[in-house]
């Protein structure tokens, strides 16, 4: 899996802070955007986060390029509806000679990894045979395991990203989307450290677990903990 | 595949028509909802459709129960963001002894159908073996072909349904989602015939193909044509 | 102000409960919708609410007819984006001889109520004069005070309604939209008492105030408290 | 009225074009974003527009600062739900000594302009009196005419902007929101000329009027026509 930050709103933190000020100020957007100092930006964003008035976070958008996640995970990802997606189409792209499959750690340790790898190879072979005899790629893909990888470009605004990180960085989330979320956060904090300072699972961002009886019982105290877990540095 | 209409807004056509009248009337919602005759409802809905002021169609919602579509198709379906979904979870439901796979017609006619069926059986078997040795079902599913079936409950409002039918009943849509859309329309017109009278692919609903050079070159003249194609009666 | 429930999803609680079960069950939508008992429906909905998995609440929609709120309040209302609105148009409806204005309690008690009422009357008169000399109603309305009333039809699903009630039934919400929300809740609980049992401001629905330092310091313990405040019975 | 472009996605056209290519390509997001030439970007965006596959336009966002529009127009604006808004609050900002009112051209020419201006002044005075005797500003505003100005920051993605321009640059749109839309387009084409080349009313962007019998009968042939009308250069 590879996650890069392709593009984003030019000055995400300044723009968010100006929008936050506008609501309570007689000043114009132009004045606010032109005059806020970095200290004021930081103070405003921290205050907004504390008050929970996250709608102003929507003015900053982030576009990620994601490579090599399974269709299992892309199916989960696109359930987030306040986002924009462009995904490599299995209806149009011929996957012959390109198949790559995601192998879960639990499968690697299952004693059945050889069987699973052979299964993936047979599936890839069968796909190619089907395409060769004239089956459209959109139908041949029915034989491909859900582990098959895909590429996708995702745009979310900072409010939705906070929501996404809260759900998907929780230890109860599926491991692959959790790794993807960790990589997204790792890229996002580089360019907008104030905006994403408190982004993370509920235990970190809200200071309390939201999972009730299903809680994993462990608290995340910093984003670094998450990054370390996935060797991100 | 089975599609049923599980539930819907009590009086979808009356409510839509009352909303349409409200915009241009000094009367109250209560008066309009209480007084419109079936003839007025029909006339109002036809006029709205002609003017393209489809926002009033949003007041009527329809909930479908869909059984036995492939994950290929559910992945496409959930890309429609103005809708609500509840889908059978492959993280939690053990699919052992239950696997059903969708077999595309092109595969059936490919001369490789025996190989494909054996592949599906081997995948099902491998899934069960993985689960038996302790791999979580959320990981075992990585070996299942995308043809694996799923169940999903979908709610869309009538405006989004019109949009969905326009895209997905087009002959250029993927065949499985097209069949699903046809079955949804078949159920919807039974309970709201006026509201969905003009629902269908662009060639039928708009009177012109929207596919440009990619056009199939054939015009759909009635919903019955679509229903006949899928043996719906 | 008058609020009525115009229409809603036929069996809102059964449909929501069936959707909740589907996610964790090998059963089909049809089986679940056909077999759940009222006790199971109640238990499922209460469990969902506790777990916070509110997406299944989206399958139930409610359409309200609202009469006689000010444009101050309708402007706030339509800021809720996950909803559908049809509003009486000031571009097309001639408001001559119909003007009604909302008078806030604080204004009534201000000692200036006579001046305010005369101001409203002068505004209404000026509007009529402008229309008489040929100014389009869409321009004449610029002179009308924001207290001018409007009618609107609103559809929200039960998830968004819970969110709406949480924000707008809080004592820190503006008084007019708060009354409107109270009237909406009063109607909703009549037809879907289980679904809306825990709907209300954070202090009631979540068991804790979300307003931090801005808290009013008073806890709402039951929906009846809210209804009593607005004389709803 | 003043409209400025406060911020936007760093390389909006490149990002949109890379997303468009990704759907039909075995290449990764990183490769596409790194390799597309300006000519390819232009060709891809023009092709997308022709095919109507506008979802990729969502990856580019634009944030506008808008100053001095009436609350009549802001009420219309916020009805566009696929957008983010931060608006100067009349609940918190004291408008004493700041009132500015929008005067429609038809009112200026009505022979009643003196009466209207006096009405605005009286309203402003009454507002100040109410605030002085202790009425909260959120209630005092009920006396302010809808012509009162407001400031708002708006973020829309390029797909929604295209939709917004189609509706609001039509001659049948209300004149004030039409001017606002023209100013927004004028700013947007400066930084993303390819992306917004075909943005405008239906007659310009689609090559056909969408208003049926309500058509104004005049065709817009270029964006310059629109800009000239509002003296934008």
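For reference, chains read A, B, C and D in written order, and residue numbers begin at 1 within each chain.
Everything that follows uses one rule, which is that a contact is a pair of C-beta atoms (placed from the backbone, for glycine too) under 8 Å apart; a residue touches a chain by one contact, two chains touch by 3 or more.
In this text, all values refer to a predicted model and were calculated from it rather than measured experimentally.
Q: Quick check: more C-beta contact pairs at A-B or at B-D?
A: A-B
Q: Specify the chain most distant from chain A by Cα centroid.
A: When every chain centre is compared against chain A, the largest gap points to C.
Q: In whole angstrom, what separates the CA-based centres of chain B and chain D?
A: 34
Q: Could you please state the distance in Å, as a whole number, between where the Cα atoms of chain A are centred and where those of chain B are centred?
A: 28
Q: Residues of chain D that contact two or more other chains, please.
A: 85
Q: What does chain A use to touch chain B in their complex?
A: Listed in rising order, the residues are 70-72, 74-75, 78-79, 81-82, 85, 90-91, 101-104, 106-107, 110-112, 115-116, 119-120, 122-123, 126, 129-130, 133-136, 138-148, 174.
Q: If you look only at chain D, which of its residues touch chain B in the complex?
A: Interface residues on chain D, with respect to chain B: 50-52, 210, 212, 214.
Q: Using the touch definition up top, name the residues of chain C that touch chain B in the complex.
A: So the residues of chain C in touch with chain B come to 2, 4, 6-12, 14-15, 18-20, 22-30, 33, 55-56, 58-59, 61, 63, 65-67, 84-89, 92-95, 98, 151-153, 155, 157.
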